[in-house]
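Each of the next two complexes has chain A plus one more chain, namely chain B in the first and chain C in the second.
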Partner chain A sequence: MQDLIIKATKSSPAIDFRVAEGALSIRGESYPEHAVKFYEPVLQWIREFLETETTPLHLTMDIVYFNSSSSKILMNLLDMLEEAAAGGRQVQVVWRYHEENEIAQECGEEFKEETQFLRFELQSYGDA
Partner chain B sequence: MNQTCIATFPAVLQDLHEFYESLKREGILFCYSGPTSQSLVEGIGDLLKQRMAVEEAGMTVTRNIFAIFIEQMQNILHYSAETMPPREQRGVEEMRHGVVVVGREREADRRFFVLCGNYIQQEKGRMLAERLDSMRTMSREELKALYKEMRRQEPTSEDSKGAGLGFLEMARKASRPLDYCIADIAEGLSFFSVKAVG
Partner chain C sequence: MNAFALGFHEEERVIARCRTYLERADHEDCCMRDEFVFLLGEYEKLFRQSMRLVKMGDRMQQKLATLNEALERKQEELLRLAATDMLTGLANRRAFMEAAHQALSRASRQAAPLSLFLVDADHFKRINDTYGHDAGDLVLKSIAVMGKASLRAEDLFARLGGEEFAALLPDADLQESVGVADRLRSNMAQCPVAVQGHRIGYTVSIGVATIGGRVDTVDRLIKAADEALYMAKAAGRNQVAVHAP
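Let's look at the complex of A and B:
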């Protein structure tokens, strides 16, 4: 299985998934024209990783803004991780947001409320 | 006023200056009418953020208005019943049409608003109106609960990608309930417009 690297565009986030480290990151804005199509390889990669690899999974999400169709897909993605965590897999999600982005913070909190088994952590950052 | 016009403008646009000034009087920051595309949505979205910075809108208001704008525009992009070319021609991508207006209200607190309109099948328009009616009566907590519930629902058909979640998103980002207007235009066809205030 190979790493999954997708460059960011104005309306779609950068995807950087590394097999060896089990380190995944989704970073940027998410309001592509066809969210389902954009996230298809992303969800597929995670599905395959969970089935074929045994290493712990660490996902960092730093999404400045996402639209409603992305929201639905990100929920699917977290459900997938949640199921793996419920089955005993070590899964950690870190939701990063700029300290002045209240909306991103609230969105992270709302995702966290939907999870139970995986470790979901919120982390704020300031200007670098 | 001294005015010389040598032009064959359509009647409605004959006094473009008057049209322009009347928009400004109404507090309109910009408006767009015509075919939509993803790159148009991204471009105007950028402009909107810049324009709001000039207006010294707060960051949270700007983010809320931007989110509302994206949902409104992508609704037109995906669902407007008015398409050009009417049937898919070879090599010509189908474009959906609509109109969007962003402005500030004239009341003292001068809130920002996004008003959007497009043609819609009458039947769908009625369903949407019912859904908006019920959303208008909901509290913040109820909207949140419904949002979470709908977010987990599998789309039932191709036609309902993101079904209604966009309107809930707007309702949650808006500072008061969404206003809407539905006008029956012809057999089976309506014009639907929604106003969200940030």
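Let's look at the complex of A and C:
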């Protein structure tokens, strides 16, 4: 299995998934024209990782702005991770947001409320 | 989360009906009961998620609207700055030319008079050379304040560049404009600017022109006023000259 690296664009986030460390990150803005198409390889990679690897999974998300289709896909992604966690897999999700971005914080809280088995942590950061 | 507040009444109704059927099915020993329970659970989850997504979408929309408002304000500010002379806060040449074109078409439509005069500080280089550029800037600011104060609300006083200013007077004929211009000239000659203990006196020369005859475009009107200004300078400065229509 290979790492998945996708560079950020103005409307799509940077994807950085490392197999060896089980470290995944999604950072940036997310309002691609075709959200389903953009996230297809992302979801596929995670699905494969959960099936073939046994290492814990650590996902960091820092998404400043996202559109509705992206939020639906992120919800599906969390469902997938939640199912894995319910099955005994060690899964941690860190939702990062700028301390002044109240909306990103609220959205993180909404996502967190949908999870039960995986560890979901909200983490704020400043300008430094 | 309140489904009713978010407008998801139908979904709540479907769930309530399912629960009723399920209760009934308990008594009747329905064979599909487990599938039914599972599907209801899934539906409830998806419904809950949908409400969250709608909430998030709304918040993002709000954020965009807020950013958009800030952007619009910024744009207005930029437009204002693009039309403003930074030193004096007066309209700049661009804004003056635009206003002059609008005033001219209105004057032509209504067959109303329109006058314009150019104000130029006399021997301005000497002020700069003797007292420094900061003093020169104070003189320019003083001209701006006095020029603006001497005009009516519908008039426009602008800085065209350097030590050259211009006044646009809609509905004013030549005689009225000369009156305004001469009052302005005389006030300026009597009001020295105080700079670090010095009282710097200055004078201005003014050229007045009005529309009529061959003077029928903004360019010609400005050229006419410029010719008059040249005459005022040639005749010894600190005076108002008129372009003969």
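In the analysis below, the second predicted complex is superposed on the first by the 128 of 128 C-alpha atoms of A that agree within 3 Å, B and C clash if a C-alpha of one lies under 4 Å from a C-alpha of the other, contacts with A are read in each partner's own complex, and residues count from 1 in each chain.
Rule of thumb we're sticking to: a contact is a pair of C-beta atoms (placed from the backbone, for glycine too) under 8 Å apart; a residue touches a chain by one contact, two chains touch by 3 or more.
Just so we're clear, the structure is a prediction, and the values are computed from it rather than from any experiment.
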Worksheet item: After the match on chain A, would you call chain B and chain C a fit or a clash?
Response: clash
Item to complete: Considering only touches as defined above, state whether A:36 meets chain B (first), chain C (second), both or neither.
Response: first
Worksheet item: Looking at the overlay, what does A:11 touch: chain B (first), chain C (second), both, or neither?
Response: first
Discussion item. Per the contact definition in the header, classify A:75: touching chain B only (first), chain C only (second), both, or neither.
Written reply: both
Practice prompt. Mind working out whether A:107 is in touch with chain B, chain C, both or neither, as first, second, both or neither?
Written response: second
Fill in: Superposition-derived comparison: chain B or chain C, residues of chain A touched
B
Worksheet item: Which holds for A:65: it touches chain B only (first), chain C only (second), both, or neither?
Response: both
Item to complete: Between 55-63, 91-99 or 127-135, work out which stretch of chain C sticks into chain B after superposition.
Response: 55-63
Fill in: chain B and chain C footprints on chain A, overlapping residues
65, 67-68, 71-72, 75, 103, 110, 113-114
Worksheet item: For chain B, which residues count as touching chain A in their complex?
Response: 38, 41-42, 46, 59-60, 63-64, 66-67, 70-71, 74, 77, 144, 148, 151-152, 161-162, 165-166, 168-169
Worksheet item: Where on chain A is chain B touching in the complex?
Response: 10-11, 31-33, 35-36, 65, 67-69, 71-72, 75, 79, 100-103, 110, 113-114
Item to complete: Please give the residue numbers of chain C that touch chain A in the complex, ascending.
Response: 48-49, 52-53, 55-57, 59-60, 62-63
Worksheet entry | chain C partner contacts - residues on chain A that touch it in the complex | 65-68, 71-72, 75, 103, 106-107, 110-111, 113-114
